[in-house]
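Okay, so subunit A shows up in both of these, paired with subunit B first and subunit C after.
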Partner chain A sequence: MEILVCVKRVPDTEENEIEINSDGNDIERDDLVYSVNEWDNYAVEEAIQMVDKAGGSVTVVTVGDEEAEEVLRREMAMGAENGILLDDEAFEGSDGRGIARALKGVIEKGNYDLIMTGAQADAGAAQVGGMLAAMLDLPYASLVNSIEVIDDKKLKVGREIEGGNQEMNEIELPCVLSIQTGINEPRYVGIRGIRKVASVDIPTHSASDLGIGADEIGEGAARLKKVDYFVPESGEGAEMLEGSTEEIAEKMIEILKAKGGLK
Partner chain B sequence: MESLIGPSNYFLFGFIPMIIFSFLIPMVGVGCFAYIMAKRVAPLVKAAPDYRLNRIPERIIHIIKIWLLQWRQPRYMTAGVLHIMIFIGFLVLSIRSTELVVVGISNDFVMPGFGGALGSIYNVLKDYAATVVLIACIIAAYRRGVVKPKRYAVPEKYGHDHTGEAIFVLGLIGTLMISESLFEASEVAASQHDVFLPPLSLVWFESLILSGASDGVLQAIHVIAYYIHDLTFFFFLCFLPMGKHFHVITSIFNVFFMRLDKGNTKPVRHDVTDEQLDDLESFGVKKIEDFTWKHLLDFYTCADCGRCSDQCPANTVGRPLSPRFISIKGRDKLFENYPLRGEFKESKPLIGDIYEEDEIWSCTTCGACEEECPLGIEYIDKIVDLRRAMVDEGMVPQSLQKPLGALEKRGNAWGKMEKKRADWAADEEFAETCTVKVLDKKETAETLYFVDSISSYDDRMQDLARATASILAAGGTDFGVLGKKEKDSGNEVRRFGEEMLFQTLKEQNIEAILGSGAKSIITADPHAFNAIKNDYNNDELPPIEHLSQYVAKQIKAGVLTFKPVEDGSKVYTYHDPCYLGRHNSVYDEPRVSMDAIPGLRRVEMDKSRDRSFCCSGGGLMLFYEPEEEERMSVLRVRMAAEAGANVIVTACPFCLVNMEDAIKVAKMEDTMEAIDFSELIARHMNQ
Partner chain C sequence: MAQIFAYIEHKDGVADDSALELVSAAKKIDAGADVNALVVGSGVDGLCNDMAASYKEVWKIDKDDVAYPNAEIIRGMLLNILPGDAIVLFPHDTFGMDLSPGLSVKMDSPFASDVVDFEGTDGSDLKMIRQEFGGQVSTHVKADISSGAVITVRPGVFEPDESKSAGGSVVDKTGDAGDVATKRKFLEVVVAEIGDVDITKSEVLVSIGRGIEEEDNIEIAQELAEAMGADVSCSRPIVDAKWLEKSRQVGTSGQTVKPKVYMAMGISGSFQHLGGIKGNPYIIAVNKNPKAPIFQVADIGVVADILEFMPELTEKIKEAS
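Showing the complex of A and B:
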């Protein structure tokens, strides 16, 4: 099975103190450390495990500048065989649709049975997977938390539904899946692993290489414009429950029931 | 009858010359033994290299102290004394046993030099030795068979009970003692002359019993006893390499080759420099032959005494780790893969076969097992090598991946910003009384205070950094910190198997330390102390001291003096951090310093100094989520209460984190508190 996983380099939420910049339209990006988007990392692990069982290879692709190569190498150190970098100034300022368009270009150049994305990335839009499926006219399942290969034409995928329910679906290949965290336990990649793949060639494609017109991508083509960026005012203080442990637990259950968290 | 016919001249049924057997038994015995040993040596030849032929005088001292004088045995008094009785008996009787083998061929043979007075003295000695060994064997068998001390038990997951093997061997030894003495007693009983026998010795008793026996009976006992001894002796020799009694042969070598330094970690491979690490195909121990030959010798040498696991805090709290079975499982794997008959087997990955991931991550590297082992078996380096292999294969628990990632990106496990590393010194109240220089191109200082990550970033542990800085200031020391250039010391990064990340942190720290121009280093964090002292291996680095050493020195010099203890009703106890005590032998300085505070009452816990009980582990161990029934630190605070203390003083920020948590978990907030050594000193010193 040939699997393509789309990954993104994002500021690491664990290791940064995120602050809004002085213009108020983005976060302060000096002093940030980056890593691969967590959801994407689960997707790559899942792809590697599928290939380990069923054969084939995993390719990782990202849209970004030279620095984005670092996340490709990290995923290649995990076990992805190929990496592709889509690097072009024309991609800058793209909205989700522009990114999906760029990815569509590279997918059409290859021959993939399965395309995976993380369920969402740092912006929390969770849009690229769905748009990509629509542009490619492929079946799509989102928030996938289990994958089972039925045969080379079909997968059985589990999806997480609100309230902790689980749904199982059959989906025909080729298809697009967006992967939820917790689907597996991603393996560790150390400095040594990355150094081992440091010299593997990563092909870079520009927009024109992929036959994408300037009007389809970038800031100009974006239909979504960010107009403001701020940290919401914190609301009124939290409610402190008082009493013995049992009493607190009881009140807690009442509140959870009242708010629909428990049935 | 003048005297009995010796085995060399005896004819069975009047026509079978027994001398044939006197030749055959040793020949077959030695032949079998040589064959078995050749098979046992095979994996050692294929194992990874290990340079252990250096520093011979120190190794000879180990042989004398730990092997010959059985230094570590009395740490377990009953078993230790029994072992010393058997061990000394064996040493004494080895001459007699060798002599006896030849006596079967030549009746009048006497060991060269043992003909005269020396021989007479030796005969008394060996008769008592045999008696002592027999008594020790009987008591030991009673202990194994009836008393059954808990540490010998074999948990179900590790297979069947080992009592049978132990009692069988005690039986063999007993047989050797009885047959040797009967051989002599029968001859004495038959003799018409008065022969001196050491009173109350085994042979003395036997000759009394046999004094009325007929010559025929005595002759039969004489010959039968000889061949029982001969057969048992050579059977025992060949049986030794089959199990835990292999230590009878290997112990002298294992002790000779045992580790000489404490606190350090073995290189990835002894034949590869740090610079060449990138070229290595594979890291760590994946299959059994990836261990060094010394580590395989350790497996052979394990006597299954269970002292390591009895002291192991991980085993005590029910984590899935028992150092004893790290050895026993390793040994059994060697026996299985290198069988006495048939082809050697292809090795499989050890993780998932004989060891489990959680088992290997459970170790806090506290070193209690190695401190205890009477045979010099190493565990920490094996655990580290197995972890290196797991890291190389990506088998790292999710709970550790985040802190490792943060260490790689930010140089600390919490993922805090580098530029905030010295923010603890900016605390307003503190900054009014004490200024902490950040050493860079403009600022220099005599002494570098290496803070390390937890004291730099953790809100509570920053108190320790401030206390340390104020002590250094009060001691009149010109000091500064590295600030954002300081990275985590990497003590646990290395011990958790992430060697390349450790190398990176080490290089960055060495560069920063050398760049600071400081002439000496002080730290209050034993993990940093250990890494810089024992793992950085850089001759240019200035000498490093732990805060407790500095304080003890300044007290002695009269620079630091103390006010009377704040609360005279409190009873203090000192908890030895593993990386200060066991790994670096700093036991006295913290105690001496505490005792310098007038009126301070201090008690010792049962488990203290080199038997200190680990707090749950520091560094990355804080992030690991072990399977366990209880927390080590909870047990530890209870031990402090049992000792009658209500204040635990420790000298390590990780110990303090664990102790403070444990006091809450154990609901002992009203009766117990934990503070750091630095805080105790800072509170009481005269400014």
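Showing the complex of A and C:
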């Protein structure tokens, strides 16, 4: 099975304070640590496990610059055989549809049985997989949290739905799946693993290599335009307890008693 | 202004909470617009009549092959009936996410997902607010909606419109929707297993998130919960890492809890997590990150490392009792 996994380099924002830059048009990125989007990493792990069982190879692709190439190498160190970098200034400022259009270009140059994306990334839009499937006229399933290969024509996939329930579907190949976290346990990648793939050639494509017109991608083609970033007024927000840990703990116990939080 | 359509999700003949939230959302896009409902399913006459109280026209597709909402089939049917310049609203949930990005491509309309507010129009541009980076920052976005739009709206942010004064009518579009072939066949829903503790019944929850850092540290939360007489629940990353059972997960993709007191320990507070907390509990949040969105909804907040704070609190509770 030939599997393409679309990945994105994103800032690790979970444990970091996000500030907005002075122009208000982006977050302050200087001090952030970047890595692969968590959902995408689960997708790559799933693809590798499928290929281990059924044969074939995994290719990872991203839209970005040479820094994004590091993310490809990280995923290749996990076991993806090939990487493809879509690097062109013309892609900058693309909305989700522009990114999907770029990925469509690379998919049409290859011969993939299965295309995966993460269910969502840093912008929380959860859109690229579904758009890509529609552009390619392929069947799609989102929020996939289990995959079973039935034969070389069909998969049985579970979708995560509300309430912890799982919706089971049979889907024909080729298809596009967006992958939910928790589908597997992604393997650890050490520095040695990354060194091993440091010299593997990663082909780079521009928009024109893929036959993509300037009117289909980039900021000019974006149908959803970003105006600015801001920090929402948080309404009342929490009353923040301050003082030493001991003082705070004592205050909290009083509050817990008053609210019925201690038995 | 084009027509606005709201997709009505439903189960067992009852409309989802989002059904009336989308009335409010649509009015915020354009107070003067005609707002119609899309009801797709099998045997949905009663629901359509209910919705006619809140929507001008209720477009019904009533067919056996959509008895379960297979997004791949319904997308095709909607394409067959919707005007090209329709503004179509879905709740941003597992169905809306499944159906709507592809619909926007097929309709050649702009797409905006997980919208939390609308700020009116500027010419043909609709101004909207979204959030990025796990809700830590917001962003104003705009799209030219003169040729239609597909928009998913975050559940729970718009007040349901209970006025029920639309006096609408039901229009049967089943014939126009046609037969749609699909390469994705729905098989069944596997219902979540019930775990050892039913957190939906707990009055006090000590709920842990990424801030717990390691599996071994879960003990620290268990000790606090024991001292308080509470149960331990968690956010999604803890279940993804297989450190706790799925039945302990609070959130739209896990359990809906309604405790009196909710201790959010090292939980950032994504909207999917908050969507699983109902009944307006007293929320106490402890998080290292002062910008964590949980502090916007909590009653009491502490900026601290839970791994240092929880043992101290446990100790003090033991001393006090």
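Here is the rule we use: the second predicted complex is superposed on the first by the 232 of 263 C-alpha atoms of A that agree within 3 Å, B and C clash if a C-alpha of one lies under 4 Å from a C-alpha of the other, contacts with A are read in each partner's own complex, and residues count from 1 in each chain.
Everything that follows uses one rule, which is that a residue touches a chain if its C-beta (ideal position, glycine included) is under 8 Å from a C-beta of that chain, and two chains touch if they have at least 3 such contacts.
Note that the structure is a prediction, hence the values are computed from the model and not measured.
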Subunit B versus subunit C as contact partner of A:Thr181, first or second or both or neither: second
Which superposed partner A:Glu17 touches (first subunit B, second subunit C, both, neither): both
First, second, both or neither for A:Ser35, with subunit B first and subunit C second: first
Contacts of A:Met252 with subunit B and subunit C, given as first, second, both or neither: second
Which of subunit B and subunit C A:Phe91 touches, first, second, both or neither: neither
Partner chain(s) touched by A:Asp228 [first = subunit B, second = subunit C, both, neither]: second
Subunit B versus subunit C, judged by how many residues of subunit A each one touches: C
Touching partner for A:Tyr112 - first (subunit B), second (subunit C), both, neither: neither
First, second, both or neither for A:Ile191, with subunit B first and subunit C second: first
Those residues of subunit A which subunit B touches in one complex and subunit C touches in the other: 14-17, 185
Subunit B residues within the subunit A interface of the complex: 277-278, 283, 391-396, 398, 400-402, 404-406, 408-410, 415-417, 419, 498-501, 504
Subunit A partner contacts - residues on subunit C that touch it in the complex: 70-72, 92-95, 97-106, 109-114, 127, 130-144, 182-192, 203-204, 210, 228-230, 236-237, 239-242, 246-247, 249, 252-256, 260-261, 263, 268, 282-285, 288-291, 295-304, 308-309, 312-313, 315-317, 320-321
Footprint of subunit B on subunit A - complex, ascending: 12, 14-17, 31, 33, 35, 78, 185-193, 195
Complex contacts: residues of subunit A adjacent to subunit C: 11, 13-18, 20, 27, 96-97, 100, 119, 122-131, 133-135, 138-143, 156, 158-172, 175, 181-182, 185, 223-232, 234-235, 237-241, 245-246, 248-250, 252-253, 255-256, 259-263
